[in-house]
């Protein structure tokens, strides 16, 4: 017996994805990304200076922070600001988002400035980190456009698109874009980050239950490749409208 | 010459106020409150236990936490979770929200459980703390209704409504519900919290520039009283729809 | 039946107030302030530099810190230095003291230097924050005199005096300058900070029990006004002696 | 022109690996693992209780902590205990080690006790996390044996072996078991964790420079599979001697 | 040429020592101890429970905390509560005070309760830790008396008196009870803690400049012995009055 | 009946001491010091800058940090980096090591650079701080030699040797170089640090049980003097080989 997906979704089908640009007012880029019930607000903020390790390099920096509102989840979780530190999970995710976005930036072409990507989960239903990467790229693109229209940059430092999706083995079936109920059930959970050119930026597969075989790995990678191609098309569509 | 308000607003006029219930999925109460461009997500979460100082009392507790997304503001501010502590301002505000809500709760009637009010500013344009109190009360009301419909409470522990508004002297004129541009300009800034019965829960007036006279204080209190009566009507309206 | 005050004090009567200048040796200003059994040591320290947000402004800064010795209170409380953070209450109080003192300073006239006001409670019996403001002003005055006698300043940057007192409704009676036993009993607790010119710097009223009416607010403000006038006379008296 | 490996090592060749059991006195398992110049001390400590989320489950827990001595590296790095927090990198690594080891433990069979794996890098030359996983498994095995010989367990809760290795693309060549000089140069860096049965526990590939193709991913996975098979043979060899 | 002491004090002479009991209101013991210009407030607080490592032992605990008001010193020092941690120096001193007091307590006879000794320096002029130990013993004695008069203890758990003094080599001369100016000049600084019976509890000698010889060590120990005998007589005198 | 030492060691006999230079690869000095089963890795790292309080002085700085691997001890202790702070004990020890090493350095001759001494306990069996001082001096010597051979210094800033040993009264007998079992039993525990010239740098004696007499103190100091002379000979021997 195989797993029945919510809303009669097929195994290789993404949840409904929405990318709402200009979601808030102040940021140079501000995108609400929705993968089904998962909702993440991604803002891109331009700061005209760089962290110490980049000073004097002539080049810029792209960095990310991730947070979850206390009641984004089924049960309320502690506020990290009140506890006084970010969890290991939070740090792992924000490091992943930062690396993923830097993979499509020519930091030298960005000039000595920083783009901060803040990804805050308003509502969680699985896949928050992959939604965050997908939305953050659109926000970063808007921030780059802002730098161009205000005359601070002439050439875009973006070398391509980047998007991400989760895949997993649930009760023996490889599934694309797991929601929370599926994430809890899955034996193998993999997050894949790819560029618009179809190359890998990150592959992170974890056996939650039983270890997984090469055949399963291949099936999951194939699913992810298809899903990311769709996400990149949706990113381009979102950017095509003003 | 007097101050010209944005959007030709009169001195005694609130910004457009919206209260959107059910804004997110998981919380027992979830309200997006908007005072003009200020947007605060207020969730009410029920937890079936109480903090140590209330254990064994038979009564409950109501507490609040406040946060601001890093790019809710004109310029990006540091993420408190990353810095490892909440600012004095954040603590002051969340203590105010908690006290204000407790003022309209019969904690004994709530039973030995806690209502957590999380107020997270998605977009800031002045008056975030007063919007938070106003929205949190609606979220708390929804959480209480949830406790009643699930049979955990028969009688509501709410003893009335509570709402809040800011008032201030800007270039000699008393104004209701300051936006950010007005807040920066004002000499005296006052936050007033009142019940539906028209009594004060909190009065916090601060001279930002020159000290203020009793006459000015009276003018500001009168403005606030009118504004809060309107807000309480809007809260009741929001609750009247399903 | 009305509340009987300790020591047959009248409702509008301050506790015995003492301001002892030169209480410790090293500080530019050092004042022990006593409101009855409440004893706060207020020192003013001059530092010839300013915090980052004031650098290059040509003007100075006035800031305050507040602390309570662990056994200043009836029951020993934790040492904040050992716990590793200041409580929300402590931060709220020290922010209030700082704002109150800045309200009577011409920061530009102070020059690019900082006055640190340290208010440490040796013994607590209610009203520590209002005693601290009242004593800190005398300490600040002594520090300013020190700057003048050492030739660092010719004109005083002080624009007037500032003092503070608490008032509250206890069992239906408005009382001036609450001691700890009264503070525990009161329904409404208000801290009022006023200048020597009789204007308000801060008004902070909180309903501890029932919300309070406008009539009660007016009664409390009137009491406070009288008390602060007395305190300002006592400050001037203390400064008149060498 | 291709990369010349230090010591004329072939692309698919591990560095000399040594596993020294009983390296320190007190721990139930204590293994010094060396991958060339990389040296990690892995201890396994048995504690007869479990963390809160496992209490009353009847089952146990396996967890890991990772540290690096300040001068394990080419340049001295700050001591995390002195800075007051673990870096994101440290947390990411210790979470990986913990997950990897739990993948080969039947936690129920372990009983309500915890095995703590402490992996401390005495000398770093690339691959510290993969060496740590490989050594920690041997230490955990010794701790399990200790539980068996002291009569606390009759059946081993270990369901198999686990080992890990890094692979990477350096100047276009896929290389096994990168040393520090290679790690700095590589475009793609992948850490692979596999069981003795040849299944994957973790696959973590990161594009450090250019994104990588599916063909490159396959080449790296093949290299890793061979390396891990060798490491597992070396683990068994180390355990075969007393 | 030898060092000239302030106030024509002889090398073997203590500064004027004052022990003021009942200095504050709430604590079970509250003593202001003065060694010349050094002033330390020592309070002893009784708590009817013990720390975890003593629970169920039937015996009690004695512990100390030490703090310095920011402007107790010539130049203002940072407030430890604001910095978020106690310095190494503070911890070293409070551990020393705790050990010294425990040396004269029969913890079993104290019963399962804790005596907290809080030593807060109001004004510093050298020798704050030795003054603190000397004063804390008198405060502890008063707390014990309080336990006896309230019927909680019948027999005193104190096994004797304890006092402390500093000694040092300044420009070749051994001096007793160094003030700040002497402390800065001294080559060797030694803190000695002794019981009323003339035995050592702690001997801590440190070469600040040149290492010191056995002959110098002997001279310093002899000076300290005399000084402590005097201090113990002063403690007894202070306790003899009500 | 007197205490029987492990391995038939005489009361005045050191445990077998080994000093292994070049224990790790990267540090300018790297020494494993063993006092019997106690094993401490001491590295000396040269940094070409100084802390703020030494900047512009022309002179250098020598500082130490101390740590213990979680399972260096009989029972696993918490990792300080994970707990987020160093214990009071750790800070006390690292301050002692720093002072002891600075006592034999001419900081002016070192030039404006810092030598960091990191002392990490791999295995603990009593006397870790004295072993650390003894080993750190050899590591510091190697770092100085490195500065000389690389032409950064012509004259050594070392003014002599320094070593340390513990002594204690166990069941009435004065013993040299206590192991853990003896340390737990002893009434008086003393750590003595001396130079190669036979002078004291630190004397720290603590009564763990009963206070100790002058006669006991003298016996312990004599034992320590002999032990340190041996240790200094062993240091010189270790340095005589390349």
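So that you can tell them apart, the chains are marked A, B, C, D, E and F in the order they are listed, and the count of residues begins at 1 in each.
Here is the rule we use: a contact is a pair of C-beta atoms (placed from the backbone, for glycine too) under 8 Å apart; a residue touches a chain by one contact, two chains touch by 3 or more.
Protein identities per chain, from UniProt: A, B, C, D, E, F = Ribonuclease PH.
Just so it is clear, the model here is predicted, and its values are computed rather than measured.
The chains that touch subunit B as well as subunit C do not exist here; no chain meets both. Annotation: 59 Å between the Cα-based centres of subunit C and subunit D.
Subunit B and subunit D, compared by their mean Cα positions, are separated by 51 Å. Centres computed as Cα averages put subunit D at a distance of 33 Å from subunit F. Counting partner chains per residue, subunit D has residues 84-85 touching two or more of them.
Around the ring, proceeding from subunit A in the sense that reaches subunit D first, the chains are ordered A, D, F, E, C, B. Interface residues of subunit A, counted against subunit D in their complex, comprise 85, 88-89, 91-92, 94-95, 99, 103, 190, 194-195, 197, 199-207, 210-214, 217, 221. Residues of subunit D that touch subunit F in their complex: 24-27, 30, 37, 39, 41, 43, 45, 47, 65, 67, 69-76, 79-82, 84-86, 90, 116, 118, 120, 122-123, 125.
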